[in-house]
Amino acid sequence: MLAFENLSLRYGSFLALDGVTMHVKEGELVVLLGANGAGKSSIFLTASGIHKAAGGSIRYGDKELVGMRASQIVEAGVVQCPEGRKLFPGMSVLKNLMLGAYVHRRDPAPSKRMLEEVLALFPILAEKKDDPAGSLSGGQQQMVAIGRAMMGRPKVLLLDEPSLGLAPLVIKQMFEVIQKINQSGTTVMLAEQNAFAALKIAHRAYVIESGRIVMEGDPEKLLADDTIRKAYIGT
Amino acid sequence: MMDMFLQQVLNGLTLGGIYSLVALGLTLVYGILHVPNFAHGAFYMVGAFMSFHLMSAWGWNYWLAMTGSAATVALLAVLAERLVFHPLRHASGLHPMIAAIGVLLFLEAAAQAIWGADFQRMQTPYNSIIDLGGVTAPAQRLLIIGAAFTLMVVLHLFLKKTVMGSTIIAMAQNRDGASLVGIDANRVAMLTFAISGVLAAVAATLYAPINLVYPAMGHLVITKAFVIIILGGMGSVPGAIVGGMIIGFAESFGAYYISTDYKDIIAFMLLVVILSFRPQGLFTKGVR
Amino acid sequence: QEIVKIGYSGPLSGGAAQYGKNVLDGALMAINEVNATNPEIAGKKVKFEMVSLDDKYSPSETAINAQRLVQQYKTAAILVPHSGGIFALQTTNEAQKYLLLAYSSVPQITNRGNKLTLRIPPEFTSYIKPFSAYLMTRYGKKIALIGADHDYAKAWVAAFKPAWEAAGGTVVAENPMSYNRATDFYSGVSKALAAKPDVLFVGGASEPTGLVVKQARELGFKGGFFVIDQAKLDEMAKVTGGYGALEGAIGVLPVVDDPAPEMKDFVVRFHKIYPNRDPGSEVVWNYTAIHATLQAMKLAGTTTDAVAIRAQLQNGYKALSSAQNPGGVTGVDAQGGTITVTRGGAVENGKVKVIETPAAK
Amino acid sequence: MANLKGKLGWLLLISVGLAFPWLAGNDYYLTVMSTAYIFAIATIGLNLITGYTGQLNLAHSGFMAVGAYTVGILTVDYHFTFWAAFALSGVVAAALGFFIGLVSLRLKGHYFSIFTLCVGYIMFLVIEKWDGLTHGTVGILGIPAPEAIGSITFTTPLALYYLVFFWLVVGMWAMRRIVNSLLGRTFIAIRNGDELAESLGINLMRNKVLAFMLSVFYAGMAGGLYAGFVRFIGPSIAGVEHTFDMTMYMLVGGLGTLIGPLLGALTVPWLTQYLQFLQEYRFIVFGPILVLLVIFVPNGIVGSYLAWRTRRTDLKGKNA
Amino acid sequence: MLKIDHLTIRFGGLAAVNDVSTIIEEGKINAIIGPNGAGKTTFFNLISCVYKPTSGTITLDGRDVTSLRTDQVARLGVARTFQTTSLFNGATVLDNLIVGHRLRTRSGLLDVLCNSSRLREEERICREKARDALDFVSLSHIANRLAGDITQEERKRVAFALALATDPKLLLLDEPAGGLNPEETLGLAELIRKMVSHGLTVCLIEHKMNMIMSLADKILVLNYGEKIAEGTPAEIRANPAVIDAYLGSDHAGI
């Protein structure tokens, strides 16, 4: 479904991604683990066309994402819920969510249904739907961001640290939601610090260090690995 | 006395309409790029010269010239976005501002090189003077008022009711966020600049026939437009319209009832006073 | 062959650029004519050259330009066409010994006793009496002052107001406006018209002055206009769309409307060089002044000694042919002001009529 | 070691400044250089509030005008000596800066810049309209040259050059003290983020106003020198173009660096002189240069150099 | 040390913090937890006087500080970190830290111009404090690196150092471990313990329950702006209201 081939990325002279090769199969939920600054967000932002790759390719079905514009990538069905949320702070929560369905603007009926779903998932958002998104708390904003990504009805959903700043209860729910989204047929790629919870719902996982993939495997294998346990699970 | 009062209302509407149009373009661009576009006054000036040129040298009629000028300035604005502001979109606040000054200097010098420094006079087909019960209303002034308000309403509907309009607002609030929902950020930025260019050119072409055309003509208008958008809250569309009216009326009434000498100061003083009470402008909501 | 440089500092950009260029072109015309005669000074062949610097009508820039002209180009004479710049240079020209060719009609320029100044045009005070008399008889005694607000126009008003009142007139409104900066004159003009004047006193650069006249007419004003000498009726007519709206305006006589044969001849010569432009009075006065200055250099036998050149200016003017002196300047008084008979022009029935004015003192 | 190198650099700069009249060999060049020095003083001041404290003040030339008019009005209308008036020029500007700072510094970012743009415009208009005090559009004529001190007179371009140069050196010296001190660090902290600065116990308003006053003090002093140097002033010195010019100088040299603005203020005018043949069209060349600089050398000449040097020293330190 | 009485703040109709009273105990690690939007950050903003409360009082060591300015309470010893730290990227880490101790110095413009001995002394102290603080967070080795070139985790620690350089009594940490991996989180917890053992009082907001439960001496739980519980980690873990509103069953103390 999504295959990264030898992908590299530079910020100025700094090589942030160095020959990343990995793939996500259709219907899979793949977790990307890595320390701060390892390059997880960089992978996602390159996949979404926000940053331009310095080399390599990202194949999505029969399309090449490298070189495509961000908007075309979303239209093709690869949608990201970014780190740092990147909401429209002055717009109401509702408008934020509706803009999530921007690429489906010519087909509004399913978007309506999706909106119901999102609001059911995050009831607090229904309560705050007319407030400007910027006035919400950090966690509430995170919910809007996830909701907005879901509104794009993605085939592949890229989630960049969705649990950042969320309360444990919400995190738990959120992982359930992610699993549900995945089970209903959406391919999911998830970057997480919360490795334990993430691995519990994942099909496969990659570990990235300093812009390079250093390990790959199914969750059991990673959970059994001592260095991984030490670095990402903490026990 | 009533006549005179109404006369000033008419003047206020004329000035306010023009100011609002210019300020709208400025506020839209500010919203998208968070750059105070100092070059906007130069867009206004080029708009006037283009129309003048198309009419006097190529013999186009007024409306055709306005269209041509709007297209040219829109193109110019888009070019400025591509070549100057786009590369600076991640830079700190000061840099794009200074780049805008560079664009302004360039456009002014270029206009002077092409059209010379002296005052030019633009013709209009609407020379009749309509007498509205003692109030003198030259047709061109009524045209300005009508056209300015029509444009404002159209713009408002465009932003609020169309998806394309909300993409501009979305872009204004978070550029990356907009890209991630599939909005083509570049296209929206160009669209916004084009709209701001059109507004500037149309405002200039409406106003030039009752004024003069010369390279420095943008200075005062742009300074006023800045006053207006900080009065109204930068990036706020209703703010630009209301602010434009406030300044327009302050000027026409100030000139009549206080002194022509001090009418410019009145507008600026108003700003100082209002901002002392509402530092974020009249129309900005507190956003975290 | 020696190159002799004459300096110019005036507006070449900004709103007054055209005005500055007119002045410069008059001067250049004279210089080219003189160069064509292979002039000799004190036995040496010389060629004159103009060094022109832009000062954007800003006196401080004039001051800096003058330093450059004197120190780098060693000019013995500098032509400046605005009172602010002239005043600025009068603080240094005696010490630095250069001749200030002052194209401005403000009386203070000669009243301050500067020994190295030539005032090129007649003092504007010479226009006040005859123009006022004309307007009072034709329209009435109530005047509203809506001239520009720069220094020159203010000096005009200061001299004009007492004279108008002394002649039995009243000033019903005084509302100066910023001609170069204003975005709209409607409020200002309507304010003046509310006082029901018979005559409007207007004037700044020609084009905005024309605009003020046009708007006054739109607002229903039917009276006459007193136009100060900075604005030229023929240039204003381009803005108002012909002399129609200018009916009853009186100002300096447009050169193209001057019936004197020398003037007509001058216009023909000017048109040969600039086919699409009409010469204004700036062109004529400065053309003659440069001729007179170069003549004075010849008579003094020096191109550098400003004091000696200044002493010969009176004779320099006198030595000019009538072609070189179409305006009929008869000489220079002790304070450095030119002596001449000036004429005004009034628009009557869409045509300019010559109004004779008495000679400046 | 680095300190010694720094001192040597300054010494070199001063010697070049002292020797310049012999290199120039022409009074006109001295005049150009002196004018450049005067604007350099004002630019150094602007850099304090803009480069170090992070608030772009577009009314700066207005304050320069205040200093100039202080000297003009006091000497011409009230017969002060130049020196007495000059001593007051910076003080008057700073005093006015106190009040304007109190109002305007409550605004942040672009609001502050545009607000000060308007303040500058008001200052210009007030100077132009307040005939009684400022002589209106006519300007002030006949400002006396600085009176002789002992046997040193200030009538020749050479003497004036050294006078201006002296004040430039003093201004640079004081600025160097300020920005390298705790006070300067306080300003920089505000530039980097006022929320954080405040939580570090820095009184925002007080420090911003102080920086603003210091900054316009420089402008006022430069204005005072300008009045004594040109000896004629008009409202046009308050024009925002001058602020734009100074902003450009800062940017070319390096915003928020000590020597950058000085370098910019000295090189750009010379470039303009070379482009004089372009006359009114020189901005066709200049505008794009400005844009290119902002895009490709955003930290200015000096800023880029400094970053490069720190990186290199750090690398060396690591290797050693 | 810090006593909070009936503290309330409203934004429009919303009471972001509603009638909260508590005591932040000296020399302890006080944690604040609660669902998103519960008002935790707002609570911090109130303590550090960024916002003025609608009602209620804040008393620091017996002194009413409710209506002081942020910089004034900072001088009284309240320091804080933010979620994102803006450092001056163009200067070295050490240079960035020197200003941290500025609030304890008194040199003004005059001292600067005369280079007074007080100024020199104070600059020396500030530099020393900066070095000490950097030592404390174990980052001495990056003192001369450009702040723009250091890693995210180092930035977090530099932010700590900056707060420490102010010589605070009370340190407010807003989600310090946000975005850190478990290993780094452990390191950070270690650092926080070290601060407390050096006599500081810490108050922190955090969502990482492992960390909170092992670190905190006392936990305050906010929900919809109101205090719903307060107590030791064990008590909180067992509190049904907290389990309901916030923890869920995973972290409950069964």
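Think of it as A, B, C, D and E in the order they're written, each chain with its own count starting at 1.
Heads up, the rule we're going with is that a contact is a pair of C-beta atoms (placed from the backbone, for glycine too) under 8 Å apart; a residue touches a chain by one contact, two chains touch by 3 or more.
Fair warning: this is a prediction, and the values are worked out from it, not measured in the lab.
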item	value
Partner chains that chain A and chain D have in common	B, E
Intersection of contact partners for chain D and chain E	none
Farthest chain relative to chain B (centres taken as mean CA coordinates)	E
Chain separated most widely from chain A, comparing mean CA positions	C
Centre-to-centre distance between chain E and chain A (centres being mean Cα positions), rounded to whole Å	30
Rounded Å distance, chain A centre to chain C centre (Cα mean)	75
Distance between chain centroids, defined by C-alpha means - chain C, chain D (Å)	38
Centre-of-Cα separation between chain C and chain B, whole angstrom	37
Touching two or more other chains - residues of chain A	135
Residues of chain D whose C-beta touches two or more other chains	280
Interface hub residues of chain B, defined as touching at least two other chains	112, 117, 261, 264
Interchain contacts, given as pairs of chains that touch	A-B, A-E, B-C, B-D, C-D, D-E
Complex contacts: residues of chain B adjacent to chain D	30, 34, 36, 83-84, 87-88, 91, 93-99, 101-110, 112-113, 117, 223, 226-227, 229-230, 234, 261-262, 264-265, 268-269, 271-272, 275-276, 279-281
Chain B to chain A touching residues, read off their complex	163, 166-167, 169-170, 172-174, 176-187, 285, 287-288
Touching residues on chain D, where the partner in the complex is chain B	50, 56, 103, 106-107, 109-111, 113-115, 117-119, 121-122, 125-126, 129, 244, 247-248, 251, 255, 280-284, 286-291, 294-295, 298
Residues of chain A touching chain B in the complex	48-50, 69-71, 73-75, 79-80, 82, 85-91, 95, 99-100, 102-103, 105, 132, 134-135, 148-149, 151-152
Of chain B, residues touching chain C in the complex	4, 7-8, 11, 14-15, 18, 112, 116-119, 121, 129, 136, 138, 207, 210-212, 214-216, 219-221, 224, 251-253, 255-256, 259-261, 263-264
